[in-house]
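Presented sequentially are two complexes of chain A, the first with chain B as partner and the second with chain C.
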Partner chain A sequence: MSDILAGRRRPSGLAYAIVDTAVRFSPVLVLAVFWEFLGLSGIVSQQMLPGLVEIFSAFVDMLINGDLLYNTTRSVSRAAAGLGAAVVVGVVVGLMMAQFRAARLLVNPIVQIFYPMPKSALIPVVMIWLGLGDSSKILLIFLGCLLPVVVGTYNGARGVNPFLLWSASSLGASRLDVLREVVLPAAMPDILNGCRTALAFSFILMVSSEFVIATDGVGFMISSLGDGGQYPAMFAAIFFVAGIGFAADRIYAMLARRALRWREA
Partner chain B sequence: MSATHHAAASRQHAHTASGISIRDVSHTYGARTGGMLALDGIDLDIGDGEFHCLLGPSGCGKSTLLYLIGGFIPVQAGVISTSAGPVVAPGPDRSIVFQNFALFPWKTVKDNVLYGLKKAGFASAERERRAQRYIDMVHLTGFEDAYPSQLSGGMQQRAAIARTLAVDPGILLMDEPFGALDAQTRRVMQEELRAIWRDSRKTVVFVTHDVQEAVFLADRISIMSARPGRIQHVINVDLPKDRGEEILENREFIGLSEHIWRLVREQAVAATRGAH
Partner chain C sequence: MMNMAGAQPLARAPKSSVQKSPVPPAPRALSPRMVDIGVQVAVVAALAGLWEFGARFGALNPFLLPPLSVVLGRIWEDLIAGTVLVDLGLTLYRALAGFAIGAVIGIPLGILMARSALVRWLFDPLVSIGFPMPKIAFLPIFILWFDIYDTSKIIMVAFSCFFPIVAATYAGCSSLDKWPIWSARSFGAKERDLLWEVYLPMAMPQIITGLQVALPVGMITTIVTEMLMGGRGVGGAMIMAGRFADSVGVFAGIVQIIILGFVVVKSLEIVRRRILVWHPESRR
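Moving on, here comes the complex of A and B:
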């Protein structure tokens, strides 16, 4: 298949990207066959590993009755709120750290201590603070996503070629101009990397917090389906959230590449 | 209200050329940790509209002196002044071209050139007209929408020169601007720069360690000593204003180059000894 593609004039745009992605992810098909084999051969019980057809039909049911869409919308809106706030605050804090020694001295030790901490450990804390509503989950996602953005922005902003800053100021840029128009775009590759890590964290924290403190959302759905023994539906929800996470990452990478077009020679 | 208007109006005018006066300027790097004396008691007057080269061995502080004139690093001792007063910060009256081009890589050639024009407050149509004029002047017509990463080194440096000239600085600072270019491109750029300077009558301070380049370009050359940098000789270059390829075979050009080469060599040898 890839030979056929290589022989033709390289098709441009979306169609090519879709076919190319399908080819590259064909090993997933092998995994699916293996999954079916394990269940059908009886090595693993069908309870633990339901057949893919069963999972798919459960998926269609949930799609039709609206459960999946409703819960996904609830989850994704929490993740988006937490992530969005983390990006805005993280970029500002990272830039401040790069610009001002005082900000660096104040924030750096805090970042270093909290960076390796698993943010899911904070689930009970945010629950005590903010209760069972949306705000506790949003705060958790915000906290988890904040540090990768801060660190990415800080590293990017510190590494800016000083000659670019000098050039800008000798062309008449003020200090604020230099920050907005030179430091920020120059740091953009690192900022976008930090945000990609944060995007992954937002999904992890979204689902894990909903296991513990929620009455809706994909995480809540997965855990309650599991508790109720509805395994095909549970797997359908798991695959669905995995698919959404994957798609979000891909779309993000595509947009980031477009934003950084200037780097390609 | 009227004061604001006046300021905005005057910002739109070209920066007038200006001489540069350097009085007893010294500079120490890392003063807090013992320190390394980079410049020691520099006294120099560069005339209005003069093309002045700072020539010397690596590490003699010639770039430091240029950065002090640019206002990029603060003057520690002594005074540097132009017709606008003492230098305290960078400004578009003293714009600079660096060896590594320092174009904004996320902006196209045209947007790079437009940057300083926007800061200067030109109206949109006038900005476009000026940007195009300088892009044409450095022969980058047709590459307006290219990103720096898509251009050769010579083209990037031409774009950087266009960006700097577009703000019409009275004083043009150049920090080994052709150092990263191949010999052919370099020669062409030297001729073009000389022609641009002749037509625009700016004051140029040009840092180089290439004797031939200095003699080809300059009205006067300051030869700097090995570290700590001092001005050892100031030499007048009495060659025709119009200089092309043919001047390289001019007897005076060759004689002067050899004379200056010997003076620079003394400093380079001293630098090597000093390092032992």
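Moving on, here comes the complex of A and C:
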């Protein structure tokens, strides 16, 4: 079935894609029915497992009174700032490591030491450094996302086919030209993979830092709703954050495929 | 004498076959690899020195970055008092227990998804939705359901480890080379034998890669659950230290976590090499 669909090209592709997605994701409906059944039959208390209708109406309430939008904007802008900085710095550092031995020798031990560290451990550190405001969370997300980008870029840039490099320089390209025109595109799949890992980390760190230290943001919103016993709203906010994380990954994957389209034969 | 000969960086080793030394052929004194390792060790030492002396002589605010020696001293004190081992042990226990549960559920489910259309239909969308979601957001739900003690922490960790493992296992088992399967069948292997002798070994590299993705995620999650719910552990100790503005305590925690993370991740790499001895990747 998906082969037939894959064979079809636009413009009719969209309608097919929608139908295909609906069929594919029907088990989610099964899960929803199961959820409702557990709650309504009284096997699990309504407190523990609020009905889906209740969750949805709480969601609409939060959407209308603007809480959800405000907190989401705050969270996502922090995540974007940290992630953006990490991508820029990480790609530059990774390329430098692949190009210059000195950079490699300098940075590699640092990467080796800090790569396996669970990045959430930095939450109290950034709290001591920068307090409870935006900057501490941006720094946390930056630090957490940096190493996957560095490692991805370095691996990609190191693995460039040397024949490409030689032929580019024999055709008179300067070192910078080679970097920009050969190394960067050739390393792009690995760079984009590293950034995808970083994107996932940015969401994890965004939410967990807001659970622990924050005065606004979706993580803060979720934990204060939970503390206040407003469970339907809490479930709604959680599903919303999870949905944003999911959507961000999907959109990223789509854009990355598009960016790499030139690679396909 | 032998010692001195060994200490001298012999310039051209191959030429000196005339004087048969009893010393086994010494590794060439300064191979590029050795230089690399030496420089990198020096970088680490320089960083440690920079940390220590920068903090000690006022270049850096000692509250924001307490000197390394003070931090190590704190770890030593706590080690003698016994709290370090309790905290590290609890964190490790929660991380590994959750990781193990995630693996025990994730690997069989991944195999079943590859082998059975019904299981695939049911779980493929759930896994592909769950995989990219920030699982940590579900923590308040697990607190609501399972209270704030070890159960909810371990379940949270298992939940976040489960998705990378099941996705990798499913991907690994559904892209197998057909030829070994056919030849095993034609030699009369039963389906059960096929699972243990063909499918699992062939998918093993990808399954272990999934485990290697899941383990750091599990550690991240463990630390966050401890920070939120307390109940000791390195994360709990760090957040307590942070609340009391005890920056030495915070950095003592970071150093412990760096060591713990390093040991755990490297151990899994060693396990990978052990399990995949037979695999071409180990021969590289």
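Going forward, the second predicted complex is superposed on the first by the 245 of 265 C-alpha atoms of A that agree within 3 Å, B and C clash if a C-alpha of one lies under 4 Å from a C-alpha of the other, contacts with A are read in each partner's own complex, and residues count from 1 in each chain.
Note that contacts are C-beta pairs under 8 Å (C-beta built on N, C-alpha and C of every residue); 3 or more make two chains touch, one makes a residue touch a chain.
Small disclaimer: the values here were computed from a predicted structure and weren't measured.
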Just from the overlay, do chain B and chain C fit on chain A, or is there a clash? fit
Looking at chain A, does chain C or chain B touch more of its residues? C
Taking the CA centre of chain A as vertex, the centres of chain B and chain C subtend an angle, in steps of 10 degrees, of 80
Go through the superposed model and pick first if A:Met188 touches only chain B, second if only chain C, both, or neither. first
Between chain B (first) and chain C (second), which does A:Gly245 come into contact with in this model arrangement: first, second, both, or neither? second
Regarding the shared-chain residue A:Asn161, is it in contact with chain B (first), chain C (second), both, or neither? first
Would you sort A:Phe34 into first (chain B), second (chain C), both or neither based on which partner it touches? neither
Looking at A:Leu171, would you say it contacts chain B, chain C, both, or neither? Reply first, second, both or neither. first
Where does A:Met117 make contact in the superposed view: on chain B (first), on chain C (second), on both, or on neither? second
Shortest CA-CA distance between chain B and chain C [superposed frame, angstrom]: 8
Once the two structures are superposed, pull the chain A residues common to the chain B and chain C interfaces. none
Name, in rising order, each residue of chain A that touches chain B in their complex. 161, 163-164, 166-173, 177, 181-182, 185-186, 188, 261-265
What residues on chain A touch chain C, complex-wise? 24-28, 30-31, 48, 105-106, 108-110, 113-125, 127-129, 200, 203-204, 206-208, 211-212, 218-219, 222-223, 226, 231, 234-235, 238, 241-243, 245-246, 248-250
Under the definition above, what is the set of chain B residues touching chain A in their complex? 67, 70-72, 89-92, 94-96, 98, 100, 102-107, 115-116, 119-120, 147-150, 163-164, 167, 173
Footprint of chain A on chain C - complex, ascending: 36, 39-41, 43-44, 47, 63-64, 121-126, 129, 132-141, 143-145, 216-217, 219-224, 227-228, 234-235, 238-239, 241-242, 245, 247, 250-251, 253-254, 257-258, 261-262, 264-266
